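The block underneath contains the structure these notes are about, expressed in structure tokens.
For clarity, chains are labelled A, B and C in written order, and residue numbers in each chain start from 1.
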């Protein structure tokens, strides 16, 4: 009786369900030897379509291989949980499209395969890519990725707002070269306007809005970030101090809290990406990337705006921009690395990047494609031109932490809870011990030309 | 373990009960070993190493633990988390209890209320976060309009480290539906005859609440307290999605800092040390809460 | 005479209606405060849902308006169609449903059995072991991710739903604790009486305890169902095949690096949570009915 009970009721169901799910699971493993499993962390539908098209083109050109595209959304910036776990578990992909900025860090962890055995057999592959993009794939002098797409940051100006403040937008034409910081400040403060309650209803420029943030300015002022000889971070180099002194001056002059109220009003936390004081004619200048073009086209097609080079320090007149983007890698322990490399070479080479540029309107890193004018919208051409002046973030193995800690420095200076020097010293104290474990380390192939 | 050691002294009845009890909890025991003890041992070992989760770990001895005590963000995130727990847990219990009591009333359209009040517990967090905008927008938000009636200047709560924490505490109350539902299930377990008898004896609403509802609901209150404590110490998602720890690290909660170390900085060894410290803090707080609360908890139905 | 009777009757009915009216008034007065409270709370609690709905029905250009419009100017129901056709919605839906159903079955069964062991059988050392259950609630989740993945990879369970489902058949601290608290409230006399009648523990659990703990079990089903349905991290790392993914992961299609198609994301999210709302309405039945423990005593 008791035995029957055991079998009849809950456990019977349990056992059955277990068996059922075992069966279901068993049907899942049928990987062919010629398959190239390709993971991508860029998963929105336009980019997915482009990647599928590239895979199809590759499969047609290479009948012995078959690429399977698997979307692998990221859980956060720099979060590589899925990659770490699957590489450990021996179930990683053969090719992976990831944020190029994190290549240095992932290579340092041992998650990525060294591509030198492949690239060294090629004729001048290095020279085919934009130098800043290529340098971002390097770790200890070897490439760990092939650059894919890129982007560029520029100064957007809202003509409606400028005219309302009595400024002629023609002043900003890129023909006049990049605008100097002091000039930008002068114009921006002319635009600032407060309502009867003392709240801003029109602002000129916010150096911590959009793509204007710590790293943007540090690169613009010429920061080197790292000293190869000493294997030390360089938080107190002049460019860093200038960057955060600039933050201090602007946040004091604008009143940081008042600007917070302004941005929270016109672009609240978690607002739709389309809700933006620049789009609604409350902000005159912003630094943003080329992707903003398609957002404007989509959300505010009637916006009267222009673009010019990023503002530069007063003692310089060369244009400047910095670029991010994605890169193709082969994770460690891939079951088909040779097939993986052939796909890498195709996708990050001219064939793949041409399809990608055309379908996604991202910018390519394959130099020759920049001359194929038919690939770009007229509005995009200016961005393609600025790439000649572009620089990438330094591919340090602690890049993610540097970025978070610099954000802390920026907050402290904006809130005026620490001087730039104090905050940067704290930054050094926190990050250098993490950097130390990779010493001796050389940042090869990367340097900031704007020093 | 205690049970096994002294089993020789047990009576026959106790012994059969022991084997029956162990049989019933055996699924959990098995799961405990596989899914909890194993990872726990794993992380205890790695907390003494530098480990990226990938290459071979490097033995550090106590270094991760000494580093922790001089890590300003460890203290800051611990402070933020304790502040959150201290406010969000009691407020959460009161809100959930109020909701449950209200939902337990004999109101015809109560089904509609119940469904709406539970809705935020089903929705994704990023949708909940939107209530931010509606409530605290400096210009159009209800909160600021309310304050401005008293001449308080409009402000952006999220730009202030303390204000942002408070906003997350208030926002967490949208998730009160779960706890309220558990309370409701508990309220439904209280026999109506008790209330009838009390009413005949002339007990008022408050008296009935204090002498019937509260004591009979005490096991459920204890449950909700402990789970709220465990959830509060591990508060993560709201800050991860909405503020990413800012402003000025004002919402850098312990779990967020831990998560960054583990998965963004690949410092799994240090993250393990952080985990174990949080575990110990949680156990200590739960132990205090449990031993204090146990005195007030009433498990037997009294008529 | 006749008129007198009529009068009396009239008076009586008059008094009756007056009494009834007073009673009704009293009821309205008594429920006025809870009603008002519930109404205000509902208004607040409905905002996120309303915002999702109104966003889902807006056109792209309307998304950019400032301040955001409360009502969409025209209702773009086609957003729902677009949202469903952009991802293999039916496939993801089926996958999610299977995982959720198995999770619910596992959670309800396993937790009921284990909680019974902790609440209804007196065995030496029980409460000390129970403290271990509580203790496991305080283990931070990130430390389990890596070792568990290693284990499942060694079992070749990657790309199957097993890592997502099987652990639920081993019960979990939250639900054990919850059910234990409820089961402890059930009068001991009931258990003793059943044991006197010669029922086995499993029989008691199934025939006596199960019917009495339906609201609590409904809560277990509901909570485990919701968390399985909305789980993101689990399916992301364990299900690597595109067509094996769940809805929560599939929704990422509407996010790009710099922009989000909010109207489509909201439309798809609403369709995603719809089954959960139905699950809630279904389980609500159990919460309303309640249990009739009192009547037995």
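Criterion: a contact is a pair of C-beta atoms (placed from the backbone, for glycine too) under 8 Å apart; a residue touches a chain by one contact, two chains touch by 3 or more.
Per UniProt, the chains are A = Sugar ABC transporter substrate-binding protein; B, C = Sugar ABC transporter permease.
Predicted model only: the values in this text are computed from it and were never measured.
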item	value
Chain pair with the higher count of C-beta pairs in contact (A-C, A-B)	A-C
Chain whose Cα centroid lies nearest the overall Cα centroid	B
Greatest separation from chain A - chain, by CA centre	C
Whole-Å gap between the CA centroids of chain B and chain C	17
Rounded Å distance between chain A and chain B, as computed from the means of their C-alpha atoms	35
Rounded Å distance between chain A and chain C, as computed from the means of their C-alpha atoms	39
Chain C, residues touching no fewer than two other chains	110, 113, 146, 169
Sequence positions of chain A contacting 2 or more other chains	75, 81, 84, 88
Contacts with 2+ other chains: residues of chain B	53, 130, 140, 263
Complex contact set, residues of chain A against chain B	75-81, 84, 87-88, 105, 109-111, 197-199, 256-257, 260-261, 264-265, 268-271, 332, 398, 400-401, 404, 407-408, 411-412, 414-415, 417, 426, 430, 433-434, 437
Chain B to chain C touching residues, read off their complex	1-4, 6-7, 10, 14, 17-18, 20-25, 27-28, 30-32, 34-36, 38-40, 42-43, 53, 98-99, 101-103, 105-107, 110-124, 127-128, 130-131, 134, 140, 174, 177-178, 181-182, 184-186, 188-194, 216, 219-220, 222-223, 226-227, 230, 233-234, 255, 258-259, 262-263, 268, 271-272, 275, 278-279, 282-283, 286, 290, 299-301, 303
Sites on chain A touched by chain C in the complex	1-2, 5-6, 9-10, 13-14, 17-18, 21-22, 24-26, 28-29, 39, 42-48, 69-73, 75, 81-82, 84-86, 88-91, 266, 272-276, 279-280, 289, 291-292, 294-295, 298-301
Chain B residues within the chain A interface of the complex	50, 52-55, 67, 71-73, 126, 129-130, 132-133, 136-140, 153-156, 158-161, 240-243, 246-249, 260, 263-267
Chain C residues touching chain A - in the complex, by the definition given at the top	55, 60-61, 63-64, 66, 68, 86, 98, 102, 105-106, 109-110, 112-113, 145-146, 149-150, 152-154, 156-162, 165-166, 169, 200, 202-203, 206, 232-233, 236-237, 240-242, 244, 249, 252-262
